[in-house]
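Heads up, the next two complexes both have subunit A, just with different partners, subunit B and then subunit C.
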Partner chain A sequence: MSTTLSGMATRPLAAPRRRRNYARRYWMFAVPAALVVAAVIIFPWFFTLFMSVHEWKVSGNVYYVGLTNYMHLLRDQRFLWAVARTLYFTTASVILPVVIGIWAAVCFARKFRLRGAARTLFILPMMATPVAIALVWTMMFHPQLGVLNYLLTSVGLPPSSWVYSADTVIPTLVMVETWQWTPLVMLIVLGGISSLPIDPYEAAVIDGATAWQMFRYITLPLVWPFVVVAGVMRIIDALKAFDTIFVITNGGPGTASETINMLLYQTAFGYYDLGYASAMVVVFFALIMLLSLILLRTRQQELTL
Partner chain B sequence: MIGRRTLLATTAAMLATPAIVGRVGAQSTFDWKRCKGQTIVVSLTKNPRADNLQAHQKEFEALTGIRVESEQMPEQQQRPKMVMELASGNPSFDVTHYSLHVSKRVVGVGHWLEDLRPYLANQALTAPEYDWADMSAGALRAATQPDGRIDSLPVETDVWLVYYNKQIFADRGLAFPQTFDEMLATARKINDPANGIYGFVARGVKNANVPVWTSLLLGQDQETVTPDGRTLLTDTPEAIWAGGMYKSLLREYAPPGVVGFNWNECQTSFMQGKIGMWLDGVGFTPPLLDPKVSKIVDRVGFGLLPAGPKGHFCPVFTDAVGIPVKSKAKEAAYLYCQWATGKQMALNMVNLGGGASPRTSTYGDPTLLKSSPFGQEWLTTLLASVKIARPGLPEIVPVTEFRDVMGIALTNMIGGADPATELKKATDTFKPILEQSLRT
Partner chain C sequence: MEVRGERDTKPAITRELAHPVGAHRYRVRRWINDAGLYASVLILVSPSILFFLWMLSLSLKTEADNIAYPPVFIPHPPTLANIIDVFAKNDFLSYTINSVIVSFSATGLALLFGVPAGYGIAKTQATKAAVLILVARVTPGLSYLIPLFLMFQWLGMLGTLGPLIITHLVITVPIVVWVMIGYFEGLPVALEESALVDGATIWQAFRYVAVPLARPGIMVATILSFIFSWNNFIFGVVLAGRTTRTLPVAVYNVLTFEQISWGPLAAAALVVTAPVLVLTLFMQKEIVAGLTAGGVKA
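This part shows the complex of A and B:
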């Protein structure tokens, strides 16, 4: 053995064999994905930017107009109102489902008879097709023939105009959004609650804490990361909301429920003004990025505290 | 010996023979099977006219040997789909069914549809019985672009009328109004919100509500733009009068929530027997007489749109079919368009209650009254409406923007806004859009 070893030791050192660098060939595997990303994300984005600096009507000629479309957006009252409505709708459509979702999660975390059946019933709205449920809600909102006003008047309350009035249309749409997406928040938060340790609660019970105090000082801080995840998902969904609003109100009455999505759809596919609609898309994207950055920054600050 | 009478009869028969044989020969020699074996794709707008075309599609396939793949889409989706596909230069259809009152000019400016004049003039392609000259003047005007191209063939002319509840009128001893002022007064007499009865209903939702206002404006013998399509007439005293009439009818005598009503909400309310009068298109008749969905089957009256202070007209909106320039089956597609806009299909459509025929011969057909399921009053109203029909929307490229901008003003009026202020604001908003469309 030693001979062998010594023999090996005395053997002149061979030049280190060059290892094959397979990493150089790995890029080939990434090419298909990169091509798809370039085709469906990067190219459309650059093309949208390109269109946004042109006057681009479907049946007309195309002219370079620089930042004119963006300047027009700043003066366009209809667009500015659409931004305000989008923020109003999004804020309400995030806060309500999150608050009700947390409350529902706490309820469903407790053990009671038929809990499984109750959970299943609660998450049914989330599984329904948005367009189909929007059509059903539309029928229920009918001021004279809808079941909602029938129920209200049956218990002595005055009928509501629901989506048929500029004053009540956005709260009504928020109600539909809340009905449909609260279950998602509940599921996420319930997952968080299920993973919590039992010890802090036992200690709290021994110390005489009330149910509210246990929720406020134990449950909520511990599930907060789950609440944040649910909130971010709700913000993204609410900003994107289109199908429900399109089917129920199409932005009306007048423009009372016209969000940015509705306006840019109408501009692109109703007015065939692709240049101006592209400018709206770019501004909308910037708005979403801004909101995301604020959220991320807030979250980072919370973690460092 | 040949008698004088025999000689005269024989001579007359000989003289007439070439014409008769010519006609018979022309009919019999027209080759409907010239494109046998081909397949065409037809994009239809969802409405009763499309139902009629699909219901008889197999007859066309048997006549021509052409296979038809047709689909109906709601107009809100079909309109942008058609324009975008035509603009892309690669449409997925060989025939498109569309509303001339919405898309005529955008299609015309794009030169996307085949000019059908050479087809109509070609006896090998057009059956002698097709008879283009039979189309009404209004339909011909609607189908013709300003530069003279005929890039679509009219399927239907949708005239507007007033549906009324005969029971409600009889209970109050009311006669059908002859003028708009009388219509307002009648709506006032019918209106009884405490008992859930309302005098009048019509579209309040933006965009869809504009034809209601233009119906009233026609009573002032005025349209919304000048005939050259360059100058808006939407804030004139006549337009403001029509706006005021619209506001009064819908704000004071329509059900709550009418601001969000499109035709379907109006129809549903009317079918429940709670509405005195409903102003809308004739194509919405069939459900009113269907006992499965309507509570007023035996109480529906059909009235001619009342007269205004300066004229008596009713608005008309035309559906048509056209062939994309890029279609690879143009002849087969033309045979379909010819069949779809022929005399028999026009008669079928009127009998279905799908709208008014663009052909004058339909109304002279002796079988029409017998075959129509909607009765004498409906037919009389339809005939009278066709005679006083005028375009209900301007023939401009940005017609959807026009409808949105004016529609918002009308919606605001239902909310209580002043018609003069709203129409001035809407006119100022839309003016640059119209001017820009004229530049491009």
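This part shows the complex of A and C:
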């Protein structure tokens, strides 16, 4: 399949004139999907906006309250802490997978025996059912019986309390997130590396460049647009992270790993405070868009995603 | 997507030609380089291998071995009791059926709507429509759930599989549309145009020319859509009733509502994720192609 991210950027711009006559009629193909998208995707967006300016409990009356929910959010310590935790979790869960993913992509771009098998094994964490892997991680984190603390102590390191202490819970969740999503970064960057021209490398080898210099001054600048795309994907997914955090800690211990998504779930389906939760969704969505756009701006030209 | 990785071999030849005297030293350096590569790959792959082996080990051991300290790594003798337990005690069979119904329906409907849509968008080059698909990907799952939950409550649909299938469309339709746009854009237009010249309607050109040509793309879209629907947890945990749980929700409930025993829990996790792992092992190429075509992920 030749259509990679950069392929999107270089799609033919001008259609043959004769086909343009059909353009209007081809719209019919998209109508059924457009109706579905309108019902399950666009309607919820607008309904969320509508709910966010109402006091809306599941079993109670609905009142229009204007921007009260939003004002309340700004003063809600629990929400503000959730935002801070989300940013902390996201920053680490973007940087680590991107760095390791670039390293992995450089390795998997070279030919070696069993490359196909190694690559398949490497992408398994990303494909596996998140709930299932989260359960196994939970068992591995067990402070007394868990295999991780056994491994740590057997090489002479002190045991960790993993997800059972407020100090280590977010780094531990970042570790799981990194383990799970580095493969996606690898795949995107690998797609970039495999589309690179070979000439600069030949020239560099003749000039006596080291492997590191070739990586630093040829590979990295050329695949940077792909790295940015991978970074944006990571920002979006890390901000939205739900399954693994929900299963492993459910926001605990206390509220030490309560990210926006955890608080949102609790507000909507624990307290059934739907109006307030909707306001939270709107702010959350704005935050995701904002952070994605900031990163996209760093290399806007290459990205027509 | 075939990865061209020969880059490092060609310059090697060039180098040996350029410095024939240093060939021996070069070979040593190359050996060190290869050793570094294999070490890197081993470091990169081992967390995944060890994790899944440990998962397998947990689900094949007796309970006594599972809580032993130091841990028992290789089950001896391996037992299938945990896996049998999962189906015997937890009604996993009906949850499996639920999962199959939901994932197949959501994928089938997504293909029905998404393949023509991908075609239409590719033909009209409506990149704005593609942006909408991306924004849908950015939106957190919970933000669909609150309004849809209310809607299903009003319609009295909670407690059936309907809401689950419908909400799974939120994931599967964008995946299918996105993959198919890319695929249809890559197809040569000559065949369809000659069909049109011969008097076929655009529908016939789509149905009998474009769709057969796009079969590999449809395959990719189907696999990805199925996997992400199968793996989905967040919609199920809110919308599923007692009898309509999908497998990820059921396995989560094993964790919360029963006394935790590791063997059956790991076995349940393995049962849930096994179909996806098997698909990944056999369809690795298609999955990689689909995921890199725009970094689609639900």
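The criterion applied here is as follows: the second predicted complex is superposed on the first by the 266 of 305 C-alpha atoms of A that agree within 3 Å, B and C clash if a C-alpha of one lies under 4 Å from a C-alpha of the other, contacts with A are read in each partner's own complex, and residues count from 1 in each chain.
Going forward, contacts are C-beta pairs under 8 Å (C-beta built on N, C-alpha and C of every residue); 3 or more make two chains touch, one makes a residue touch a chain.
The structure displayed is predicted, hence computed values, not measured ones.
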Which superposed partner A:109 touches (first subunit B, second subunit C, both, neither): second
First, second, both or neither for A:71, with subunit B first and subunit C second: neither
Partner chain in contact with A:157 - subunit B first, subunit C second, else both or neither: neither
First, second, both or neither for A:38, with subunit B first and subunit C second: neither
Partner chain(s) touched by A:271 [first = subunit B, second = subunit C, both, neither]: first
Partner chain in contact with A:296 - subunit B first, subunit C second, else both or neither: neither
Which superposed partner A:128 touches (first subunit B, second subunit C, both, neither): second
Touched partner set for A:286, first subunit B, second subunit C, both or neither: neither
Touched subunit A residues, subunit B compared with subunit C: C
Touching partner for A:80 - first (subunit B), second (subunit C), both, neither: neither
Subunit B and subunit C contact sites that coincide on subunit A, given as residue numbers: 58, 144-145, 269
Parts of subunit C lying in touch with subunit A, wherever the complex brings them together: 1-12, 14-15, 18, 33-34, 37-38, 40-41, 44-45, 47-49, 51-52, 54-55, 58, 67, 69-71, 109, 112-114, 116-117, 119-121, 123-127, 129, 132, 134, 136-150, 153, 166-167, 169-170, 173, 177, 182-183, 185-186, 189, 193, 196, 202, 206, 216-217, 220, 227, 230-231, 233-234, 237-238, 247-249, 251-252, 255, 262, 265-266, 268-270, 272-273, 276-277, 279-281, 284, 287-295, 297
Contacting residues of subunit A [partner subunit C, same complex]: 1-5, 7-8, 11, 15-16, 18-19, 22-30, 32-34, 36-37, 40-41, 43-45, 47-48, 51, 58, 100, 103-104, 107-112, 115-116, 118-125, 127-133, 135-136, 138-140, 144-145, 147, 150, 154, 179, 184, 187-188, 190-191, 194, 196, 198, 201-202, 204-206, 211, 229-230, 233, 236-237, 239-240, 242-243, 246-247, 261, 264-265, 268-269, 274, 277-278, 281, 284-285, 288-289, 292, 304-305
Subunit A-touching residues of subunit B, taken from the complex the two chains share: 76, 80, 83-84, 87, 106-107, 109-110, 196, 204-206, 255-261, 265, 268-269, 272, 274, 397-398, 400-401, 404, 407-408, 411-412, 415, 437, 440
Touching residues on subunit A, where the partner in the complex is subunit B: 55, 57-61, 142-145, 159, 161-166, 169, 249-255, 266, 269-272
